[in-house]
């Protein structure tokens, strides 16, 4: 692993694929718990390749807090062998998850050609009632059941050959009616992130979502992505109700391939919560030795945009996951405190746009 | 290791510290060989801690092409035990290196307080003749012997407590006389990179240098830096004469902590030579699948500044060392060719300034 | 990894759990192909947790040559959801495996309390016809269909609380009638090896078997065992017929937790086929430098029982998997050839009994 | 890494070559501290390739408790450059080690052709006084200075082309006079272990020794051997005096390439001290689940020679270094306690002879 600048200690190994585990470690925020959630998952009850209980174990190995099994309503390639209704995968998983500290949220996938494409409905009461030819009726029913609905992978090339997500009239109608509240900015199975989905999210105030959409085995998929793609949900407590509240309030962040994507204040808070920062001056020098201990799984990519240049390295650096980075900052004077102004490129707040973060540093004199 | 976007295959493991080897792999350029050189090394003949032959073996393990042992003239802490002249470490190493495909260049370090600090003289004929109280005389003698002289670690905190390298009058005089031809932008032992040294280099047309300045064991030092710090010298052939010609011509690049620092055209050429780029369109889509195989040890940090956005990931990505990265590029049409405009942040051409690179892509239709 | 004695080069990394693969590499024999087979596997069509196609992909990742999906006839916990007959998992896997160079053999598991316990029937024509209350009838029908039948995990603690496998009268009757031809010496899911099963195999001339009996995900199970437990089948060609012929002929070896268990001549041949042996004498010495390159995944555990002692190490050594070991042999004279007499402890030919192997060495004089 | 039987957890990685460290971890005994010592080391003051201070740092990285720098008296290839007496390397190292918790013992190597070969003298008062043509005089002087003297690598092929160590008349005379108290059974630099040296040690009641004899860099040598070869010295406290007392009393064990060689009671105690053993019975079974947590760096190679056979694996198994092994023991009844009788092959008490160890197990009923 080549780091940009001097590493003091590497306290954690890469967890991807090691001992078959993909555990995700990210900090809580000062005001919220950070729940790792995957709301788009398939089982043998539609076109997935595992029994629902495997999805529970897989989630536990990833350290997730909540999942929704969202088997297709309309696409059932195994129906000659399995055809016992659209609520079964939820019921099996929910039963299996009892006592395991994992929340299972009822859900399903309404699966149509484009437009309007695919939609996941969470917190539904009865998936069987969503069976109807008219997609508008299906979404109306979901809405009536109190569902939180999000648009799946709008840029999925199988339905969007340009990869450029776009709104059709039916989407505008659905948005107008309040039938869609979220949108997948990124999706693991489709290997798809989309600037245009991001723009739609921003324009319509939708909740940003990212899910694995796993059909096969996570073990075989997620090494390629670096980690399981998940939606981070920021809640007051770990409960189904709190998750629903946060989804409706739009308090989520996309965690996809080492990017964090979403609202600026949440990204800043995640970044600050990931780091323990210490600094000191040595001897008669005006060079601050800055230690940044990154306790998260995210490798932060930082561009120095501030006043002070570094003695340890040029203007660009990364703070590797689960590592401690030392940077030497030239401050010309021995300051009681100073700010680093960093453009963090993998905290993405809009297409093509990273986040400016101010890192406040209070150096100690060396004993 | 967390990557930014989908990795097809990782053909090489991190070599740092594995089986005790630190072999550096970087491509040749179309017009030049890329020689990996370390021109600042110490042995027991001044204040280093190993016999000269170890430095030869160490260099061979790192895959270096040339070294200079540059023991201090003035600082000899072991002189009560070892005091047989300033040419001995070179003579021993040169003899030991015979038949081993490593060039050993005679050198020494003229070691004074600041100003003017320390200077390395390469290609000297007799180091003993540089023994004099007057530093100007020492450098004049080096010049007379046909030496290539560079200023060592101008920002070394022990001599520069602000870490901000600066020119004193004596440096201006030395530059005027042509006694200094190069400058260390970065130095391993001092853990020092300097924007100000970089500015001096640019302003005075000096040759950029980077060396390990190793005193102890490389095995114990270089893991912390990611690799051995070296000066890349671009030559027509692997010979002492060619290296001298290239150093005088300023045809070098600093390779330090995964940064490449130097002249724009050399950095661009290194980047292009590191990559094998292939692309194709699938089916009826206008999305190009772009494969970038990085055959170098450098993890390239790229910001997309061009017209086309990506389906696989947001605008920022890295091309990990010795890996193949796949990126999906949305081109709206099926194009015969297109350019990616990348700002590569670890190809540093001036303080705070990366390199804009145009990557030309010619997609094939998929069979 | 701590080796016993000097390692020249390690040509292969541990493959277990790396990049999600468990590929098994073992040599062919001079006269036979070595087919890696797993004849005891479950899917959602009984109490397994994955769709049959996952079992095909799992086998391909392990480098297997043949599998049998052997869902229980009598134990169907998911029958409320899936209940379309006992041949379905075979049919789905066979279809999915087309063109993938993996043989899928029809099979099933006859599942009764002890006695007589569980039996796998391979090469059956119609599993549905084995549905009957009378276990003797079920095995008679399997026999009539031309099945190869083996007794599963006779020492499984759930049915054998002492872990000491034993023959009941019904087993003797089954053996007498020729209804049982093989026996599992070891079984992955049951974490069970049994000396008593081994004794029964030897006494009755049964074919030794070892299978994963996987119900969940192999990725989550096999790291703990070191590798996927398999039956090695030695055939003239890679075909279903050849496998059947070899099973009936008893030409198999158990590969379980780095042990090879079975007939002496097969074990010796596997050992010899795994190694490339070279030796030379140096200078005026009578010490042979012996290089043993082990191209298999098996770490061979060897006790020196011969005339010559070693200069590199005491009498016991291992030849690590995918590695080259160098041993210095003191032969008193410079011999044209000599034999090492080794007791290889993980080539197990009877309970508590390793295999004596003669390694013939022909040293060359060093140039 | 292929293990023999089910591994619960691997609490430690291989430390060899990782981050440039070779730290050795072995347990203390109930009655003694286990001091890791290397009494045969070279520096630039004879034919070694590093300054004495590097030997101190190297030892600290290996976790050693004591070293002796034993530069040759008679072989001084660098004497044209370094020639300031035979006590200098000790003096430099001793000064450098102050405050670093490493004992530096004065020593030297008396270096003659065979017979009698090479001898290391420890705890000497003045190495310069050992300079004499007559080797008997040199050893007499060492003896007079109160030295502990051991015979180095008697089987070293450069002096013993058969690799079969043997006593010449002069050795018998030296033994008779009490001038030799120890003997190297194994030596790292010479890559030499010797059954014959072992026999001499046993016959004459000498202290078994094993040292690195390092000349170059340990980092480049010890990966090949698995770990740094050392002499384990069992003392009441960590002091120079205690080491001398233990050496004279013969209370040492050779630690070489994962073998422990020496007196039976010390080997048994090391083995028992390395392990934490727990066991329980499950449910209605008579199978004890035996957990063996190995907190040492030694991979113990065990042959089951007792009454009880295993359900988890055949008769031979290893207890990997820094790992926990689970074995299922069939005890026929639920016993309050039982003994495992193990032949541990890498606890070597005589040429070709491992150690019989009784492991006492007290199973708990499972809650």
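Here are a few things to note about the model shown:
To keep things simple, chains are lettered A, B, C and D as they appear, and every chain counts its residues starting from 1.
The rule we apply is simple: contacts are C-beta pairs under 8 Å (C-beta built on N, C-alpha and C of every residue); 3 or more make two chains touch, one makes a residue touch a chain.
Since we're looking at a predicted model, the values are computed, not measured.
Following the contact convention of this document, no chain is adjacent to both chain A and chain C. With centres defined by CA atoms alone, the chain at the far end from chain A is D. Centre-to-centre spacing of chain B and chain C amounts to 52 Å, using the average Cα coordinate of each chain.
Chain centres here are Cα means. That of chain A falls 38 Å from that of chain B.
In chain D, no residue touches at least two other chains.
Contact between chains, per the stated criterion, is found for A-B, A-C, B-D, C-D. By the touch rule above, chain A contacts chain B in their complex via residues 1-8, 14, 16, 155, 157, 161-164, 191-195, 224-227, 256-259, 261, 282-287, 297-299, 301, 303-304, 309-316, 318, 321, 328, 330, 332, 345-346, 348, 351-352, 354. The part of chain A that touches chain C in the complex is made up of residues 17-20, 44-45, 48-51, 53-54, 57, 61, 78, 80-82, 84, 88, 216-217, 219-220, 223.
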